[in-house]
């Protein structure tokens, strides 16, 4: 037998439970959240409901209280969660917490696990990942990292400016990337630090007014002014920050793809349902050729994106480092889902850009997915370089 | 000599004045409006400033106090006004008032001109155009018009539901399309009515929560419940509503193209300036090949769109009915400007979807241009049918 | 464990053998064949070499002398064979013989197997599949089938015109679709007939001068003028021609995708190698950003196409009927491979359209893949209809 | 009045004459030429017919015997000529002779005019333009020019290899670009030379086997081995070759656009006529939505391309250098016409890639237009650089 793409029965069971939970619990709250935002109390309420529904944290190891699903299985479940923009948050598999849980699980000391990982997994707190900096700092080019961690009296002083830090407003702690920690003088390389947002010197300096609205905690500008931490705040090895962050990047790209694939499927479903029910020029809209083209292209993009995603998740789940594979998947799926959502808006016509139909919100929120986690251009450059290197041999 | 595309000196002069006005007066107010919206007082203030700057209402006949420019000249000036999302409003050349002024100028009686056209041209009031209805009513297919005007006691009773009526909130009056008014029994065809929004039976039933935000007066749902008007409220001939509306449609499509071309140029300019100033991987971002591709494709789309727009505006200005020509231009320019804005967002990176950089706002606001004023699909159907008819002969 | 996409060791072994065979035996003959065409003697020679190399007929059941690989395994091997336009012919897995073998294997009687299937599998003869007719006959719409099989004296008289019959020139026999054979009077439905091309009344009426050149036996117009056959010429059940043909269609679509995926990979490889070796503006061409975009997009399209193809082949191999799945895969892969080849031509520059670089030949030959085996439009219509039906429930 | 895009009556008259000539004289010969190529005798016959029809050399100054039309007028006429792939040759407005006539007219001495320009204008001889070299020589990057002109005994010895020299086989002379001629020692810059193809040392070293077929004289490899010429062979100033060649490049790009626009229009017309006449799924093909999309997109691309071309031609005709404008037009039109032809092939279905329907030939022949005369990538790089320079100020 060559391949086996059969879904495990437990995956099927969870998928159904998630679908029911999203339909019954999450979707009914969407409109209010779109209009007024989500309070932290409502977040906890939603998450409690998810726990009660048996759909809590599918991608988290079972010993930590999650579903314990492998990355390729998670592909099925996080897509389902993503069918509401609030679904991943409800299931505690949303960015940035989901990636931070993964990173903490890989590198945290027992003390760090108790202090940061456990409450994060349980939904008691939220977190953020503070790597990106305003130009000319670390963005598409991480080597430009400008935030520094200087050594003083066996402790670290972290200073710098971060921006577009998703979820920072209301987060209990951050994983901060800063220059230093490697080499004999500890001034080489980069290091990941666990920093409480209540630490002196940590300052939230405003939100970027981006057109997406459903990300809890916003995209914040953070100023770190000699934030002092001890060695127990170092996540993993000092000086190994870039390498450690890599362990987060490839799977985090894929979980983004999973969630947005769900959102794109939702958009397509909304538009399709409307097209089936609406009469235009004497026939159902869904029967008109140009509408059929929009519908079919959506079906094709979703199928191709899902096939590539499942394959890539399987590769990572079975040990591949997956840098190149996940780059390809990220570019394809971020662009394919954007196309799907754009076509769905078009198919829905005049109300296509409205929040009432949800489509407008998905359209606005998905735009930056082609930019964050490595822009399409950055990934393409990296893919082409690897291909050229292979061809040169 | 074959062609002459030389700009008239007066056009050049107005273009420069508009550019200065937008830069000095309009753009400084953008961020506040993005955050808080625009009050009617601010609108009047902006418009007073435009009048003072000698850039008032370029497309309006001189005898009414406007610039008196022909449609092909207006193409140059409305593009310039469109470089701020608030520019057209400031110059009183924004939708829907601009198209309503055109329609009133064509068909209004002297009394209607005094009561509706003059205050509208002067910016004393705003207006709306109430044609679109929720499905299964008049949308892509105007023939599905469901709002009715019934004759009673030599007066008209208008009833129906309109939706996505841009600018309705705060408008002083509406041009309403309703079924009836033609034929012996006055129950055939359709008629355009001038309806005060204070009329008994007119009710604003909420705003569509679409992702665009800079349209003053929103996109409203209107319920008309036996709104009673006299014959003096009929605009043009009773029963000729569809034909009269056609006179608005083709030029209104083009003025939309003009304004959005300006917005797309602005987006490109913002992204380009940023790309020139930003270092990435050791070179200016604007010097990287994939950034160059985004930049060049923007330049090409803007140039092709403008060439097609100028040609089409010239055709309409010199007497062509221009249904097919303006359909082609509308599809091409609505899609080309969307591409330009999308590329600009991409080029600007992490802040590309923010209001601070303006790009996020343009991105969200331009989306529905491929839908309203005839969706891309509706225009394509119409273009293909005409082409097929020609080929069949 | 969720998925398993591990390649079976035997698949890996065959893939390597095929790669070596194509590189050592097939590719060295390409240029001569491009210039002068392929004689039947050369075809037999190539096929003998394939048999000697242990790469004969991967998709054919082992009891018939082939590799016995399942469809999802064949996906790997037929892609490898497709890296030369002559490879599939050499391995006897090219269209239309490969699909005909599949069909005969499913439905042929023992006598038909001996007479038609065995020599076809062995490469002693070639065959063709005569379904398509010139408009207004059977094309995108099989229901328009105009060729008839009339019953006379317990025998069948087949009359009609077929066109674009690939491989007909030099074929020993054809599988002919004709109207009739079903219902009480045998004049309903359609029937598949095995017809010797030496039969009286069978006439090859010329070749379509299409721009592809490497298809042995051309794309022919066939006139059938009362070709008389007995009941032993019926393949499967009389009247069940459409249903039987379906059994050929879905897998045949996929094997086309496999072969063209190989051709597209070859094109990409040629262009990439050239881009790596060529200096332009003081850097290797492959290091310029716009070239990187072409390269990366090729890598992405190939990966996405392959993932979708493998998944779809697995679905069919494990019992799915796969009509919709194979439609989606066919549209995506025919368009993705066309994009890959087009970009490769572009990347190769001035010689990109030449046969010397092979790219020009692949470019010309691949064009019709978006048309035959169901055009992109036909498949999209079918995909959209199914999606709409699902949404309506 | 702002613009005037009215066609001059003489342009309209010539356009009609050309349309009639192409329909009556050129198109009837296409199929034979596609099958067997064009002899030089047939070329002269066709050209004599064009002269007799009063459509000879529209773009050539009247004093030389041509139509004397300005570049923006020629846009209309060369498009019409281009509706047959043989039309431009018949009218003596095809590449490379048309560009060479332009260049000779600008820079030739009276003696050179008599010897080269007059017979070329009259169609007594053909010519070629020998600039492109195999990598790593002059291609996208002219600075890499490797062919040299060395000074010896007051004469020049030209040595080097050129490739893809269109029309070289059968040409009477070439305009050759070679390094040298400038500076005090005459070894700087580059110089254009008029070289007879009968000169000792000039050798035609084979044809590139590209997929286009209708270019008379092929795309040849030329070896120059100490070809000796005198100072009277220098075209323009020695050392000014690059600058002189620029005078050919921008207008030659546009005339290519004009001719291919005609070919694309022809392709669209063929496909549309077929779509109107063919029934599919119970309706005319042209009435199906996806076919309408192909048709409408063709109409839009043709209109946008034509508008941009006319505007750009007017800019060059009225004195603009037009480097950037013609780059934008070249990229847009080469890609738009390629899309039009590809859609036309798709719309025509099974016969879409055939020579019988002409579409297959246009499809194969137009592909290299995105590569020669500056590839899309080279132009985009140049456009982006200029835009970035402007933005930097």
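Residue numbering begins at 1 within each chain, and the chains themselves are lettered A, B, C and D in the order written.
To be clear about the criterion, a residue touches a chain if its C-beta (ideal position, glycine included) is under 8 Å from a C-beta of that chain, and two chains touch if they have at least 3 such contacts.
Which protein is which chain? UniProt says A, B, C, D = Acyl-CoA dehydrogenase family protein.
Computed from a predicted model, the values in this text were never measured in an experiment.
Student: Looking at C-alpha means, what's the farthest chain from chain D?
Tutor: Of all chains, A has its centre farthest from that of chain D.
Student: Between B-C and B-D, flag the pair that has more C-beta pairs in contact.
Tutor: The comparison resolves to B-D.
Student: Roughly how far is chain B from chain D, centre to centre by C-alpha average, rounded to an integer in Å?
Tutor: 41
Student: Please work out the Cα centroid separation of chain A and chain B, and write it as a whole number of Å.
Tutor: That gives a centre separation of 38 Å.
Student: Just curious, how far off is chain C from chain B if you go by their C-alpha centres, in Å?
Tutor: 51
Student: Where in chain D do residues touch two or more other chains at once?
Tutor: 288-293, 377, 380-381
Student: Which residues of chain C touch chain D in their complex?
Tutor: 34-35, 132, 135-136, 139-141, 163-164, 208-212, 278-281, 288, 290-291, 345-346, 349-356, 360-361, 363-364, 367-368, 370-372, 375-377, 380-381
Student: Which residues of chain A touch chain C once you look at their complex with the stated criterion?
Tutor: Of all residues in chain A, those touching chain C are 1-8, 11, 69-70, 72-73, 76, 269, 272-273, 275-276, 284, 286-287, 289, 291-293, 295-297, 299-300, 303-305, 307-308, 310-312, 314-315, 317-318, 325, 328-329, 331-332, 377, 379-381, 383-385, 387-388, 391-392.
Student: Note which residues of chain A are touching chain D in the complex, please.
Tutor: Per the touch definition, chain A meets chain D at residues 288-293.
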